[in-house]
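Next come two complexes, and both contain chain A; in the first it sits with chain B, in the second with chain C.
Let's look at the complex of A and B:
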């Protein structure tokens, strides 16, 4: 069974049809890229999966479980982590603290019981900090742990966001334009990092990306969206030869 | 100049300043987690103080009455967030300000309806011991108030810097949407922040009333004004600023009353003149962080 099943999802904003009967699946363990021209609905779909938006129609199942009935704060606990197109780090917190917030969803019990169970707090806190440090090390960020997560280079901030998403120990990682704004060499490094974390953490990765060389080099499968619909699906090579895809990107008449 | 008189006024200023600082901390706490300036903070504290008075009136010791009132206020603050503030979650800041003003009036009236309009006497939690140090009279009350403020600061620091829930509160203050998507229950955190803030207000009320004539429905209004002044002076997003500025405002007020005769009874002027000058030079307050916006 597929890990993520997007099934007949439709979402309209006023008269704009952002997603139109969208249907595709992501298999466990694969790196799947979601591509398409601007406005195709890629980030909109991400926002449906992480419950920022609620589609009017359809179903999104994760490991067989309906996500659309979960409140947003439960999605992370269900095993879906994500990064954002425009970075959404906490600039007032340190790099390590940012990653520790990522681990928040794994805590047992609610915030109230957490506030009352004082004796264990210090121990739990140390464990979280240790796990956070380990993650930073994995992403070669360990020297930055105590720095505030502002004013760091853009590429570094993007890695921090990935570390934060990993802290929730997700099974599915959604990466929204991880390569945007990175330099050429950073993009190459990023490709390696994504593969590495997929293997190390036994993740499934769904990414939205415009950077075609990156998509071509790391994706097991590519899903092409246009105007909220699935236009094509297949290996990177097959998709890039597809005349419909070329037309959508270049706007050529068929 | 009579040094003894000067130092005793300094102590007076410190003890009232510590109370302004407590309430300013409560204001800053809500501002930091929600971006709301809670004009009802003083009246929330007023209601809490009446609860303290009522409990003490039932024969409880004043310490126990304060402890219970703090707990009740925590719950009350959380409920207010959920019932009064949450419905305006997506409304403009102006709407929320009006809601807190409404809350101000409602709580003030509710207090008078529930507890009556006659003045009440509330005893102090501290002994009325007075120490004589080189001719300077130091009241246990003064020291007690400063110690309470110190403990509040330490407790808040530990909460925010050393616990998971504190981390989540700071994350929510920084970016509620991202926090939600990372699995933080933003609503619960906001309730927690309001509860904490109401509890701080309850303590401030129990400290201030015994230093005044009596407990009436207007007991906390001037305290609120000074606390707001302190929060503005220190920077609305800085707990450290609230404490330092609270003490500054308290001292400035006490020294004005003592030394600037023409301003007696309008001593409000001096702290506000200081604030005006500071804010002209540093608009974010002494310790506030400057907002940098990319354009």
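Let's look at the complex of A and C:
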């Protein structure tokens, strides 16, 4: 059974069909790229999986479990983490605190235990800070832990978002255009990082990306989306030869 | 919530010194001034709570005077009509205000920003009517004047006068509420408050239940305002909820938060003391021109915010960070640059 099963998902905004009977699966352990022209519905699909939007039709199953019946804040605990196309960090928190709050779904305890500093709270805080620092180190961000998560270079902020998503220890990581705005060398490094975290954390990665060299170099499989439908799927080489895909991208880079 | 500006030792020293000065105040000053200090304390308690809601969680309320009034009446009526001890009323007020705050917070989930502000304003407008309907105070009015706590025998050494004793009660409660807020924002819940304020969709994807945090912060801020109301009754000897008073208090709390510095624990406390003293100072400026002092007070507040847009504590922090960076720059002449320039494409 596939880890993620997107089954007949349809979503309309007013008259616009953002997703149209979309169907595809992601196997456990793979890096699957989701590509398609601007407005194809890639981000919309991410928003459906992470329950920001509720599609009008279809089902999205994660490890056999229906996600669309879960409240949004339960998706992280179910094992799905994500990053955003436009940065979505918490600028009032430091870099380390952003990663610590990323582990929210794994923790427990409410306002009372925090306010009274019940036994265990200080220990939990130390553990979260240690785990957070380790993650920052993994992503070469450890020197930035105490800085506010704003006013840093764009590529750095994107990496902080990945660290925050990893803090929840997801099984499926959704990355929405992690290479956008990065320099050439940063993109190469990012490719290595994605592979590395996939192996180390036994992750499955669903990657939305326009940067074709990155897609070609790291994805095991590519799903092509156009106008909310699946246009093609296969290896990176195969889909890039597909005449339908070339037509959809006509004028765009590929 | 940024990196630690001062070491633990410096902080503990400053805290001890502050508490020492606060404890010394009623020994030196007379009853009038002591009452003023006590007022600063109860305004600070309410502002501490409002800051959790507005500063940390981004929900603006201009109706917390209603929760203050609720706490004030609960304490006054329990003491006056049922003979309760002042301190015994506090847990009841805390729980009841928390519940009422949650009840208001639930419908508030559906609205944001200006609409939320308007709804809370409605709360402040509605509360005096409820009081008129349900409270039967002295001589058919809505005033309730409970007997006030008096200085017990064992406290005669440091608080021979009752007003001193009440000030120390208020101070103790204020310190407890401050420590609770300090702890609260430094943990899981505090991070969630800021995360929801900064980016609610991202907060939700990392597992934060938005409704729970928003209703929770409403309830906690109402608890603070309720306790502030109880302390207010203990200090002034009077529970009252005129339309003007309820509205004015609501604004006062908000002003204390803003001039002190939003989303810092110390801010509302500094703001409350500044507020109370500015108000007092402008009152004495032109004793025979009653209308002039509120205007001057208003101008003073505007000037203060103009000079320190992020409040007194915010401004102090900014200055501290700036000074430290200068110092570091002098020690290490060339700070390392970040290797990656920003390229903006397809954003």
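Definition applied: the second predicted complex is superposed on the first by the 240 of 254 C-alpha atoms of A that agree within 3 Å, B and C clash if a C-alpha of one lies under 4 Å from a C-alpha of the other, contacts with A are read in each partner's own complex, and residues count from 1 in each chain.
The definition used in the following text is that contacts are C-beta pairs under 8 Å (C-beta built on N, C-alpha and C of every residue); 3 or more make two chains touch, one makes a residue touch a chain.
Note that the coordinates shown come from a computational prediction; the quantities given were computed from them, not determined experimentally.
After superposition on chain A, the partners chain B and chain C collide with one another. Looking at the shared chain after the overlay, A:76 reaches both chain B and chain C. When both complexes are overlaid on chain A, the residue A:100 reaches chain B and chain C alike.
Contacts of A:57 after superposition on the shared chain: neither chain B nor chain C is touched. Legend: residue contacts after superposition of the two complexes on their common chain; A:229 is shown touching neither chain B nor chain C.
Contacts of A:88 after superposition on the shared chain: both chain B and chain C are touched. Counting the residues of chain A that each partner touches, chain B and chain C differ, and the larger count belongs to C.
Residues 50-52, 72-77, 82, 84, 88-93, 97, 100-102, 104-107, 110-111, 114-115, 121, 124-125, 164, 168 of chain A lie at the contact with chain B in one complex and at the contact with chain C in the other.
Looking at the complex, you find that chain A touches chain C at residues 50-52, 71-77, 81-82, 84, 86, 88-94, 97, 100-102, 104-107, 109-111, 114-117, 121, 124-125, 146-148, 152-156, 164-165, 167-168, 177, 180-183, 186, 210. Interface residues of chain A, counted against chain B in their complex, comprise 50-52, 72-77, 82, 84, 88-93, 97, 100-102, 104-107, 110-112, 114-115, 121-122, 124-125, 128, 164, 168. Residues 1-4, 180-181, 183-184, 186-192, 194-195, 197-199, 201-210, 216, 220, 263, 338, 340-347 of chain C touch chain A in their complex.
Interface residues of chain B, counted against chain A in their complex, comprise 162-165, 167-168, 170-171, 173-175, 177-186, 188-189, 192, 289.
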